[in-house]
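The following pair of complexes shares a single chain, chain A, combined with chain B in the former and chain C in the latter.
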Partner chain A sequence: MTTTAPVSQVSDVVLEELVQVLGSDHVLTNVTDRYARTRVPAPFPVHRWRDYVPDLVVMPGSTEEVAEVVRVANRHRVPVVPRDGGTGLTDGARPERRGIVIDVKRMDQIEEIDLQNRTCTVGVGINMLKLNEVLAAHNLIYPDDPASYPCSLVGGRIGTSGWSLIGSRFGHTRDLVLSFDFVLPTGRVIRVGDGGPKTSKSSSGYQLKHLFMGHQGTLGVATRATLKLFPKPEAEFSPFWAFTDFDSAYRTVQALAHAGVATFAGAVLFDEEKVAYLRRDDEAYIPQPGDVRSLVCSVAYGNEDEVRAGAKRLMRIARDHGARYLGDEISEGDWAARHDRYATPLHGRTRANQVVPMSWHCEDAAINWTQLPRVRQEWHRIVARIRERFDAFDDWGMFFYTSASTGVDYLTEIDVGIWEQQLSDEMWEAWVEAKRDIAGVALDAGGSISACHGSCREGEVDLVPTELGGGYDVMLKVKRALDPNNIMNPGKYGLDRAYGPSGDGAGTSETGKEVS
Partner chain B sequence: MADQESGSGNEPLVTEPPAHTNGNGHRQGGPEQTAEFVAEWRNAAYNCFSSGHKFCREVCPVTQVTRNESWTPTAFHANVVAMEQGDMAIEDMAADYVNCTQCGACELRCPNTLFTGDFYRFRTKTVELVKAVRALAVDNDVHQPGWQRWNQLTDQRTHEPVLGEVPVDQEHVRDWADGLDIPIGGENILFVDCEAAFYRTSLPRAVAQILQTAGYEFGLMQEQWCCGGPAAEMGYVDQARRFAEHNLANWRASGAKRILVLDPHDYISFTEEYPKFFGDDYDIEIVLVVELFAELIREGRLTPSVPIERTVTYHDPCRLNKRKGIWSEPREILRAIPGLEFKDVDRVTQWSYCSGAGAGLIIEKPELTAAISGRRMDRAAELDVDTLVSACPWSERPLSEAGSERSIDVVDIHEILAESLDIEVGGRTST
Partner chain C sequence: MVYRYDEQATPPEAEQVTDVAISRYEDVYEVDPGLMVEHVNQQTFPNWDTLRIIDSRHDHLQWMHDHWAHTVISGEEVLRSLDEEPGS
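So, the complex of A and B:
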């Protein structure tokens, strides 16, 4: 049978050098190996899959092997794409220019658990759930808790500067990763962190840790990380409350955040569209009376006596704001569900109410509490417009999650169902335009395009220079300084412009200023 | 019977359309068959491709030891989408699908099972998909050398060759029962799988003598063949059906109404494969011995009384726990045995455990089986136990090998129960 899979463009010389570094077992060239390393969640219209297939995949087992692979690639000017879990929602791990995918999953060893200083050092290919299974024996936890907790990996959390559901208490990935080994695009290995490998605060020199987190693989590859550990909480309190309208739920969620309860680990607000969607297509999830139109859930972790005291206060605040507690069973079950599965039934409806298979597209932003109602209104309007034009889009409602314990800002998320099997290029273009509009609303509201996923997908990525202001020019300079040959995940974040229109190195930024 | 799914009489949620066959009713490869395959699997595959959550990955025993994303349940689904797009052919894919023990953990962990499952009772069926791809490969003459030889030998001997230097043939299939005075035929037939009949003979001897102790009447088959399940798991569907036809005919000829099964793999064959082959004509009751023994203990017909001074943990066999939802009865039996210190690990944690022996992995890639068994025994070693109790003969060889390196004995649950019932089992547990 003849197939249409793209032929590898990597030369035999490169292949041979990689095999010398890694052995043939860990240099993969089969079509299945390459296709599997293109996949990310809800990635692109399926007929474009072959456009993003890498030429080959390597599975190094150590920092030194990663560095050697990068040196080979840099010498031969072959693109390199780091891949960890491949669960990111902004396509960081998707190869734009084929090349070599560096899949770090074999690097999943726990090298050290330091019980005295409460740190552990791991290969970045380890998954948090798996790590916590081991830490549990020591009554410890690594509390980096995204919705992808059962499948995402520590390295991907570094590459995206991940956001955690319980970050309001324990911090997000940037706070939890103390240091890491990092392979630069030239193959040089550096250690990045808050000072020493295990220190959590340093005032010495430039603070580079933030720079090397959240770059979506454009600056290099993290290989080995030292993480901050916490005592495994004795108790969890995870109430769900119902409201008859969005406004009361909206006021309540901020009152909870403002309360200053030390064990408060986060709160989530479900808007009316979200509840309507769950009621329509996921009745088993939320069998509630019709006057339940909006929801808030919260979670507290800590020692039992402290959680009990905090819980009393949170319950009182919610009651005073007109909330109706949904009871222990729903509260415990549904909070567990947020960890255990994405709240997405993976089907939606056409305008004629026909159930059809849809995939989940999630747009996120960081928005201040005062701006949430406005962003909510405008985002729903954008999705309504595209649904009006094309029946393959469905509005699955919005969530708002506290990012910090003070209520300063919220991860704001709209879930859009797309019937991708019906998707045409025209519909995809309309969707990209909608994404750009969604990002624009976030910026107009004084927020950030993304609190959580990153912002290098089509559409939103166009507005990154606007969001960062002059900072984007600095980004271009950093990129060019560290990656002189533009081999590291090229094509992401518009960073090609650091190398000029032809990519030959004579770069100017979008604003026309000289950047080299 | 535990929750989750019923055993015998379980209706598959999606019925399998007839595979492409030739004039003789035999399966036949080619483009039309491939098109049928894609048409059947495309929507489920697309659900996985587009969501791309990959919750299946870390719970998969093969992924845990290889870390290779090409050998994950989600890749197995997504490849079907690539096939539909014209980017992959069965020749490209077949070797990847060796890397699966058909344990079913991925199905339980899949958000599409968990979520749409609530609404539509949908269940991701990765095990069925892997079997279908393997069958498509065999039908198109794409063979894995170890499996091809295994199934040829099985066909010649009417039993699996069984690993190592073990003589296997029809003449010796009942040797394990020497001296036990078990009749041939009758309403209740004890079916003994190939590994237990020819290798771990202590197991069927324990089961038979426990049944005798309880006064439960049973006999053996006139001419027992392999259940056919392994052939079905490796893609040799026509052979699997021939073996099933023989066994069913043999049961009917001797008036059997009920088949007693001691091996979880046979239990899958008789409750999932045979109903697919025979449809409504299949009127045989299948009884899992471990469930029967728990019931007999409950009724007071069996009373374990000899104290067993061991510190044990229990290994949930994948085909019982993950595929059939049977996990409480074995624990009930262990708790009924005096003297045992039982350090249990819950069934959900055990979703990510496996011996690595299943679905032919041990034949094609014994080094992966050994690595998976090693990981499983590492978990047992952390509990400070001296014994791991399993309820699956196919798991016991690789687990024993891994156990000996860690000074942990591997004992079959039926054998340990027999010991507590003061039965001198006899037979052998290894070569």
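So, the complex of A and C:
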């Protein structure tokens, strides 16, 4: 990788103003600090990283400092990109136009733990695992559980409106975050939430909380959040079952979701390609007999007596559907590993079956259970086509995770290994086309392009207006109203069109009508 | 040092477990080195470090269970209780 970076577009005047706000220790201009914030974990051609190096990085320590930084940026029309861990998979934290990256990780304080109302108030730079280590002393837990659990931050979860592995029991980020302080693109600070700072349901006025979650940093910066807490579960039950065919596993996962078990926290279906992938490298699955073709796991959390009762019911359902229990060691080990999928050393295979280092590209969608087989077939076909052309891509199979306790829809995921160091521009273009096709299949099936990551990466982003329909025009109007100078994470979600082709404010909607 | 190197850097005989995996220690699997000759270089690896990584992994997984809940219910026990039910 080159060690040089593009010349800064940020003037000395801006730099001086930022230093006045934050002090020189918290305004980072050296190449290393900037390169460390050019990308997210999703694979991308290495030779193009330098196109996304921010001009500088700031590390504010409070809401007011964030607001001051944003005011400076807005005054000088400099792009601002919030970076809350940078663990997202849709390029939300990538600075498309360089400018200023706001890294929130200094804002990691626990300001209050309210034991009576079961809330805590934290800076958004705190990681959930670290928060839960403190909460455990009070026998409490904040159960937001992404695959990046040990490394993602509360602020990133707000910016993504993230999906949680155990959301079928406890809810997802949108349900767990009660309220937060939010810096708008003009530098104004507002508090958004479900009514009061610690209330969970309000019918007063517009419900703005969801608007300011999942925007991928295009509407502002969350700085301080109040979270809903639960008792730390007395017990966990996490059985894994094997099946000789996908169809049986497919029926079983929905039967588990339909069972109405109160402690049910989720179920996951592994397809045949996923099992084949695991059989190459995963210690739990290498020794499995050849007739193991598909898997289901389920998990329950809660009070021990309730989990035990629910466990019996879940186990009976699986047994009645022809499942073979994989045993405690595999079940418990694999479930524990699911909290930390970013730490997995990754490698794939060339078509000649040689091992190569590969990065993980995870494509996700929200799909109804009835559509899962169709989506599965079409997604594998898309990935097979690109693998036929390029050895840098490898199909690592699919997972289907319950999003809710009723089985209404599933986070549907195809994992693709990408040999990132080999990615040429031609390969990347082919992959972007494949991503567009993958998103198109999700929409044709009546689903959403993403249940978890967001959908502002190349390829998928082209179909967001299709998914949202007239709602996308509203998105453009909201963006232009709140960010008149298009400074907040510009270039994401196609929102530049709110400002017209020349960025002069004469915006047009997806349907060609004037926005304002 | 020579004594330690020879003894500890010579792994036990490998058993071919599947067409893509070998095993040198009980329940510890490795990618068949024959699949790692073109793009991934093989390294000399001390035996104790292999075992340390495996033990660390187990420690980590146990830590994660303790982090999320006080107790883990055994599926094998649940299955036995179902089998013992009348009529099963």
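The rule is simple: the second predicted complex is superposed on the first by the 502 of 516 C-alpha atoms of A that agree within 3 Å, B and C clash if a C-alpha of one lies under 4 Å from a C-alpha of the other, contacts with A are read in each partner's own complex, and residues count from 1 in each chain.
The definition used in the following text is that a contact is a pair of C-beta atoms (placed from the backbone, for glycine too) under 8 Å apart; a residue touches a chain by one contact, two chains touch by 3 or more.
Here the structure is a predicted model, which is why all the values come from computation and not from measurement.
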* Asked: Counting only touches as set out at the top, which of chain B and chain C does A:238 meet: first, second, both, neither?
  -> second
* Does chain B (first) or chain C (second) touch A:281, or do both, or does neither? -> both
* To do: Considering only touches as defined above, state whether A:307 meets chain B (first), chain C (second), both or neither.
  => second
* After lining up the shared chain so the two structures overlap, which partner does A:347 touch, if you call chain B first and chain C second: first, second, both or neither? -> both
* **Touched partner set for A:40, first chain B, second chain C, both or neither** => first
* Should A:254 be classified as contacting the first partner (chain B), the second (chain C), both, or neither? -> neither
* Where chain A meets both chain C and chain B, residue numbers -> 129, 133, 281, 283, 340, 347, 357
* Asked: For chain B, which residues are in contact with chain A within the complex?
  -> 31, 34, 43, 46-47, 49-55, 57-59, 67-70, 72, 74-75, 78-79, 81-82, 85-93, 96, 109, 111-112, 114-116, 118-119, 349, 382
* Which of the residues in chain A end up touching chain B in this complex? -> 1, 3-5, 28, 30-33, 35-37, 39-43, 46-47, 49-50, 59, 85-87, 103, 105-106, 108, 125, 127, 129-130, 133, 137, 148, 150-151, 281-285, 340-347, 357, 359-360, 420-421
* Structure fact -> Given the complex, residues on chain A that touch chain C span 129, 132-133, 136, 141, 232-239, 279-281, 283, 286-287, 301, 304, 307-308, 311-312, 315-316, 319, 325, 327-328, 331-333, 336-337, 339-340, 347, 349-350, 352-357
* Which bits of chain C are touching chain A when the two form their complex? -> 17-18, 20-21, 27-29, 31, 35-40, 58, 60-62, 64-65, 67-76, 78-79, 81-82
